[in-house]
Structures are given as C-alpha cells and as structure tokens.
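Two complexes are shown next, each including chain A; its partner changes from chain B in the first to chain C in the second.
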Partner chain A sequence: MKSVEIKNLNYSYNVNTPVIKDLSLTIDKGEYVSIVGHNGSGKSTLCKLMIGLLEKNSGSIIIDGVELNKDTLNDIRHKVAIVFQNPDNQFIGVTVEDDIAFSLENDNVPRNEMIPLVREYAKKVGMLEFLNKEPSYLSGGQKQRVAIADALIRRPDILILDEATSMLDPNGKAEILSLVREMRKENPSLTIISITHDIEEAYLSDRIILLNEGEIVLSCLPNELFKNREIIKKYNLSVPFIVELKMRLKDLGYDIDDSSSLNEIGEKIWQSK
Partner chain B sequence: MAIKINDVSFSYLKKTPNEVKALDHVSFEIPKGKITSIIGHTGSGKSTLIQMLNGLLLPDSGFLEIDDFKVTSEKRKNKRIKDLRKHVSIVFQFPEYQLFEETVEKDVAFGLKNYGLKENESIEKAHLALKEVGLDKSFYKRSPFELSGGEKRRVAIAGILAIDPEILILDEPTAGLDPKGSELILNLIKELNRNGKTIILVTHDMNIVLNHSDYVIVLNDSTLSFKGTPSELFTRDVSNYSIEIPELFKFALLLKEHQLNIDIEKIKNVDDLINQLKEIK
Partner chain C sequence: MNNLTFGRYSPFNTCVHRLDPRNKIFMMLLLMVSIFLKVDSWSTTLILTGFIFLFLVIVMIISKIRFLDLFKSLSTMWFLIIILMVIYVFIPNPSYNPNHIAFYIGTYGVNYDAFYQSGYIIFRLILMVMITMILTSTTSPMDLTYALEWYMTPLKLVKFPAHIVAMTLSIALRFIPTLLDETQRIMKAQASRGVDFNRGGLFKRVGAIISLIIPLFVSAISRSEELSNAMEARGYDPYAKRSRYRVLKFHLSDLFAFIIVGAIFAGFLTLRIYDGYIIKIDFIYWIFGAKPLF
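So, the complex of A and B:
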C-alpha cells in the first residue's frame, strides 16, 4: 500500500528560483527512506510541502490516499509527524511530562487518558525516569528522544526526521538510531522518511533518494548508490569507510567483491603478500 | 610563548548541594602554531576549559598562562582581559545562530566596531575576513539569513577572524554541515594554521582528530586522561574514554598486526593507507 504519492510537484520561494521541479515520488507503507543531497537541494522544502507548512505551486501530494489541500490539512497533520534538527527549538513544556502531553492537549484528550499515555510513550523512548526533569537537565539526545515521543504519541502513519541527529554527539546519534530500529520492530507499518547528511545513517534505510536542485537524481538501495562512483563523485557524497576502502583496493587489483567485513578484506591483503 | 594550564580546578554552583566539579587539578600545555583537538564525553570539562582560555570563566584554583596573559582566580589580577579576548577568540558551536545584522558585511564588522574601529575601517577589514573564508563581493550586501548553513557558518567565522586573534578556538566547527560544507570549513582551518594561527578544536569527530590535528588532549570526568598525537591515542586502549577509534585506523592496525609493513604514524586518511599498500604490493 502507498503511504506517500507525490505527482509533478512544483514549488519556488520566488519566481526565478524553483526549489522543487516537477517531482514525482512514491513511498510504500512501512518503508524507511532516506533523502540525501547537499544543502539547498530541496530536501527540507519537500518535507515542509508534505505537511502543508508550505503551499505547493502545482502538482499533488497524496498521503495515505488523501490528497493534501486546505480541507484535508488537519487530517493530514494527524497522519504525518516531524522531528526537526535542533533539540532546543522543539521543547515547549516545563518538564518532559508537560512536553509530551502538549500535543495531546491540542487534541483535547481527557486528563485521565492523557497521564497513562504520556507514561507509555516516555517509556517507549526510554525517558520514563526523566518525566519530571526540566530540559536544561537533558542531553541533546534525550531532548530529541522527547521530540520523538511528542511525534509518536499522536500515532502518525508517517514520521519525518529532518536531520534529527545532525546536532547530536555520537552517543546521542546512536540513541536515536537504535530507537528508530525499535520503533520499526514495534510498528512495522510506520513509514519513516529521514533527511540526512549522515551516510552511515542512510545506509540503515531501505531506500535512498538522492535529490539535486529539486529533482530526484536516483532512488535505489543504499548499496547500489554506494557502488555508483560517478554519482558519488559528481554530488560530493561521502560513503561509509568500508565502501570506499573496497573501491580503492579494487583499483589496486585486489579481488574483494565478496568480502563483507574489514577482517575479510584484511585477510585478502595479507594472504596475497 | 606558550599556552599553559597549571593545576586548574573549577566547579559550577559552588557551595550549593548541586555543586558540579568540571575541572579537577588539570595541567597540560598546548603547543603554539599547531592544531590541537580537545576531546572527551559530554560533561568532561571541555567547554569549561576553552572558556577559561579567553577569560570567560576564571579558575577556582590554579592558573592559565596564554603567551604573556595570565588568567587566575582573582578578578583584579585579570586586568587585560579585553586584550586577551582579542588574542584568543572562540567560535562557539552553531555560531550562525548568533548572526543578526541585516547584511553580511555589517555582521562581520560588528565585533570590530565594538573594539572602537571606525565604520569604513571595520567594513574594509570585514571584506578581508570574508575573503579569507571564501565569500566574495556578491555576499557583502546579502542578508545572512538567506544563506545556506555552510555559508552562514563561514560568515560567523569571518566575524571572529576580522578581530585577527592569534589563537582560534572552534567548538564542533563542522556539526550539522553537509560533507561539502564540512570540507570547506576544515580546509579553511588548515589554511589559517598554515598562516601561523594556533588552532584548538573541540570535537566528537574522531576522523577530524586523526586527519586534521597534530595533537590531542583527552578530558575524562574533569581530569586529564591523555595528551599526545592522534596515532598514539588510537593505538592505546581507549575503552575507558568513550572514544570510537576511526575505522581507517583500526584497519591499518589490523594489517600491521599481520606483519604488513604499515607506518601507522603516517595514516591520516584513506589516501595515506592506499599509498602505503601500493608500496607493499
């Protein structure tokens, strides 16, 4: 089943500079897609269009079978949740508990239902013991986990991570990535769209979409993208170390196509000596 | 002249039940004219330390010597702190959030005007600083808010360079940038160092430590755990430091362990490794 269907989408901030150019894209339910591309390629604009924060010039966006327009905007915002880049810009509540409850308050959820729900989602993101803590006591990774709880508690069909790990230290990043893995296990029908510069992170997804100047250059399995040296060079993408190592060793004449770990690659080298 | 940290201690929320020790009798030297990385987990004392290097924080005990400046616990002894801040400047994390002027050149010139320079002089110096970070004329009159993340960061760095500090401290200079943006910033840092500036980097990125620094300092739980070169650090047991050894370095070590003739000191990036393997083959 289709989760997102975008057809011939166009958008420009001003007349002379189109940001999204006749873009069409389909994402299946439960798929985990990474959108990569340099700054200014249109990644964030695309996400903002999908949740109706920006209004398209032309084309259509269909979320879970419902076309996005003024009448359906509210329904669609219930289907799509987004976590932004900066952990400090998304914390509204005085405490973790307040912050997670905030989105429920907007939906008029009664208090007696709200309390157990907040606890449940705090637990899901591993923040149960921090319920009464103020944001100044939390690390960046912890704040982003609260932002994910805020997003998930409204039970969206689609979760958009807009560079959600890019301001975190390595521990914070690892926390969020393992949380994403758990979320998918628990709810296989949750569609995840991750905008990222972190290539190791994109490597974990089902599919990578490469955007450049508002157009899709490539949409393929992570491994296929990393094998495409022309594309990697042309669009200045970084690749995981092991991928780069294999490419470079191949140039030196080592046959390492079927080696999948650094140990196996190493073996080939010291055996050939 | 040198940068010396002598038996420095510092606590936040002193004499309260919530007192937090940030630095505990820390001593080391930072060589001039080199690039030194300071690493350590969140809360290890890195930020406290760099703020002391330009007198934003004063030690509770011990002292710092930065060339002919001295930072001590006693406020009245730190008379030249304004000059110290011209000598040692910090580019904080995500400095682009501090941009606020309506044009790029005005933003870069802002600090200079604070130091008493005339409008036209400060704009002139701002142009030079913008050239240093690779932003040409076409950027002068633009609003800093319409630039890309990487460009904004370079404008913010230009604002510091305009003051022409001798020692430049950068806190997570590439965080949040795309690969191209990161590369530009790292090349800029190298270039500044080549032109004589002492660079101190605070980073979590071990590839930056390996590829771009001459020396590395590890802070762990408010104390000094290690000082030396990156390759010395990565050949040690680092399991207590919450440091991830770069995969490149691990791989090079693995080859060396299997009797391959790898000069581990010279492995900074993939090119170095491939070149050494070419020799072996």
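So, the complex of A and C:
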C-alpha cells in the first residue's frame, strides 16, 4: 500500500528560483526512506510541503489516499508527524510532560486520558524519570527523544525526521537511531522518511533518494547507490565506512559480497591465501 | 549571569510552593496594598509594617528561600536607594516640621523628617522585593502564567485573547534560559574576535553591546520561525478549543493562608479607615518616652 504519493510537485520561494522541480515520488507503507542531498537541494522544503507548512505551486501530494489541501490539512497533520533539526526550537512546553502533552491539548483530549498517555510515551522514549525536568537540564539527545515522543503520541502513519540527529553528539545520535529502530520493530507499518546529511545513517534505511536542485537523481537501495562511483563522485557524497572498506578490499582482489558483515569480512581476510 | 538569581524559581516542595498560584498572586496584592497604607504617623506605620516584615521573614524561612539571595537582589538596588535619599533630603517639602532641622548646608536646612521619610520608603521597597521574591521563587513561571490567564478570563467577554497571551508568555518564559545561553555563546564568540565588553568608553561599550544584540536578535527570530513551524505541525490552532494538561486547584491550605493574609490586610485597612481614632499612641513616644518627632 502506498503511504505517500507525490505527483509533479513544483514549488519556488520566488519566481526565478524553483526549489522543487516537477518531483514525483511514491513511498510504501512501512518503508524507511532516507532523502540525501546537498544544502539547498530542496530536502527540507519537501518535508514542509508534505505537512502543509508550505503551500505547493502545482502538483499533488496524496498521503494515505487523502490529497493534501486546505480542507484536509488537519487530517494530514494527524497522519504525518515531524521531528525537526534543532532540539531547542521544537521544545514548546516548560517541562518534558507539558511538551509531550502539547499536541494532546491541541486535540482537546480530556485531562484524565492525557496523563496515562503522556507517561506511556515518555516511557517509550525512556524519559519517564525526566517528566518534570525543564529543557535546560536535558541533553540534546534527550530533548530529541522528547520530540520523538511528541511526534508519536499523535499516532502518526508517517514520521519525518528532518535532520533530527544532525545537531547531536555521537552518543545522542546513537540514542536516536536505536530508538528509531525500536519504533520500527514495535510498529512495522510506520513509514519513516529521514532527511539526513549523515551517510552512515542513510545506510540503515530501506531506500535512499538522492535529491539535487529539486529533482530526484537516484532512488535505489543503499548498496546500489554506493556502488555507483560516478554518482558518488559527481555529487560529492561520502561513503559509509563499511562500504568503502568492502570496495577497497574488492579492488585488492578479495572475494567479498555486499551483504557480508564486518565479522564475515574479517573471517575472509584471515582465511585467504 | 550570576546576578540574575533574583526571583528565580527554586523547585522545592514546601507548603508555600504547593499553594494555588492564583491565591498567591492575590495574597501578594493584598500585602502590597497593606504596605502602602499609611496609618497615623510615619513612625507608627513603620512599626506596623515591621510586623509584615516579620511575617515575610517567617514565610521565607518556611519556603526555604536563602536570605543571601535577598541581599544579593537588594545590593543591586543601592543606586536607587541613594537617589531616593538625595531626592528626599534636598527637595524641600512643606509637610516637614520646620523645627526639625538637623543641620544646614549653606542656607538650606536639612530636615530630620526627610531621613525618616526616605527610610520608610526604602523599607517599603525592601518589603516589596521580599514579597515578589517569595512569589516568584515558590511559583513556577508556568503556574504564574496559568494564574494570570485565569485572572484574564473575564476579559474574554470583550474578545481579549487571554489564552494566546498566556501561550506567548509561557513560550517567552520557556526561552529565557535558552536565549541566555545563546547570549553567553555570542559574547564568547565576539570576545574571541577582540570585542571587549568590560572596558572602554561609553561609545566603545555601546558598540560592543550592539555586536551582541544583533546576532542575538537574528537567532531569536530564526528560532521563532522554527518554533512556530513545530507548533503548527503539532496541530496548534490558537482559536480552537484546547484541553488542559495542568489544572490549578484551590486546597484547604490555600484557605488558611488566605485567612492569615486577609487578616493582616483587614487590620491595616481598619486602622487606615479609622485613622486617628483607634491608634492615638505614638510608638516612638511610647517606647522611648520622648516627644514624638512627627
């Protein structure tokens, strides 16, 4: 089943510089897609168009069979949740619990239903013991976990991570990535669209979409992208360590296939010759 | 940033902290009005407000506010105190008793009354600082905002958007620490580029401050844009009906606190209304056996 269907989407901030050019894209339910590309390639604009923070110029965005327009905006925002880049600028409540409750308040959920829900989702992201803490006492990773709880508490079908790990330290980043993995295990029908600069992170996804100047250059499996050296060179992408290692070893004449893990590679190296 | 300690919320769990913020705001107003009621002579009033001082000291002890914080916040008021003194001493006031001249500066006689009066004003200022400090350090900013919103509810009848104002206030409060961190970061960044915030003449310092303020504004505005995006994405509609996660409750302890403060206020009000009928004793005369000064 299709989760996101974008047809011939166009968008420009001003007339002369189109940001999204005639972009078409489909994402299946439960798929984990990474969108990579340079600054200004239109990645974040695409997200904002998908949750209706920006209004498209032409084309259509269909989410779970519902076309995004002014009348369906509210429904769409219940289907799509987003986690932004800066952990501070999306922390609305004064404490963790206020922040998690914010979207419930917006949905006019009665207070006695809110309290168990807030606790449940705080527990899911491992922030239960921080419920009454203020954001200044939290690390970036913790704030981002709260932001994920905020997003999940609306029970969305699609979760967009708009460079959600780019401002975190390596620990925070690992925390968020493992949380995303857990979420997928728990709810396999959740579609995840991750916008990222981090190539290691993109490597974990089912599919990578390479965006350049508002157009899709390539949409393929992570392994296929990194095998395509021309594209990598042309768009100046970095390559995940493990992929780079495999390629170099292959060049040296080792017999290594794409699916092998680091341990298997090790085995092969010491067993050869 | 250490001198910003005044009135900062200290999250203890004392009985003062647990009081309903609406009640606390109302009690604060009652005490402030009591302080400004003049009863009989200045000296009588001074001693009567002394009772409020004692009461506030007790409340401060109960709510675990450190007196050091109070002195710190008062120490920033030295300038104000000196200015007040100068104004009261050097501006002639016809209500001063012309027989109470302390000394002459040239031909201008400095009146004792001026010292008493300015002392009394300063005492009242200190009391005001104490009251607001008790309120803000025992009540979380969020609770204060909710209480203010509650007080603004009647204004909804005249289409005043009380809930929007409250949301704006709470976001402003939420971002104070974030923006302070940002300020420090920018200060360090500018200092590393050779800007000196602590030395130099007036113009140099103003220039240094501008180099701080402009980046701060730019970042605050871009933050606000991202914040509004995040709020909108989470379905915030200022005009829609919203439920509440936090609710305010009026407990029995609120009633007790209100009775105490209400009694103080009522006492002051009665003395004020029947000024000159109830209290005819001049405390100074009474205590020191001296003829009252004023």
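By our rule, the second predicted complex is superposed on the first by the 246 of 273 C-alpha atoms of A that agree within 3 Å, B and C clash if a C-alpha of one lies under 4 Å from a C-alpha of the other, contacts with A are read in each partner's own complex, and residues count from 1 in each chain.
What we mean here is this: contacts are C-beta pairs under 8 Å (C-beta built on N, C-alpha and C of every residue); 3 or more make two chains touch, one makes a residue touch a chain.
Everything numeric here is computed off the predicted structure, so don't read it as measured data.
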item: Touching partner for A:S139 - first (chain B), second (chain C), both, neither; value: first
item: Touching partner for A:I51 - first (chain B), second (chain C), both, neither; value: second
item: Superposed model, chain A: greater residue contact from chain B or chain C; value: C
item: Touched partner set for A:V66, first chain B, second chain C, both or neither; value: neither
item: Which of chain B and chain C A:D98 touches, first, second, both or neither; value: second
item: Contacts of A:W270 with chain B and chain C, given as first, second, both or neither; value: first
item: Contacts of A:F84 with chain B and chain C, given as first, second, both or neither; value: second
item: First (chain B), second (chain C), both or neither touched by A:D150; value: second
item: Touched partner set for A:L252, first chain B, second chain C, both or neither; value: first
item: Touching residues on chain A, where the partner in the complex is chain B; value: 38-40, 85, 139, 163, 166-167, 169-171, 197, 199, 236-238, 241-242, 244-245, 248-249, 252-253, 262-263, 265-266, 269-270, 273
item: Residue ranges of chain A touching chain C (in the complex, touch as defined); value: 48, 51, 53, 74, 77-78, 81-82, 84, 86, 88-95, 97-98, 101-111, 114-115, 118, 134-136, 150, 154
item: Residues of chain B that touch chain A when the two form their complex; value: 41-42, 94, 148-150, 175-181, 204, 242, 244, 246-248, 250-251, 254-255, 258-260, 270, 274, 277-278, 280-281
item: Residues of chain C that touch chain A when the two form their complex; value: 140-142, 170-171, 173-174, 177-178, 181, 223, 226-227, 229-237, 240-247
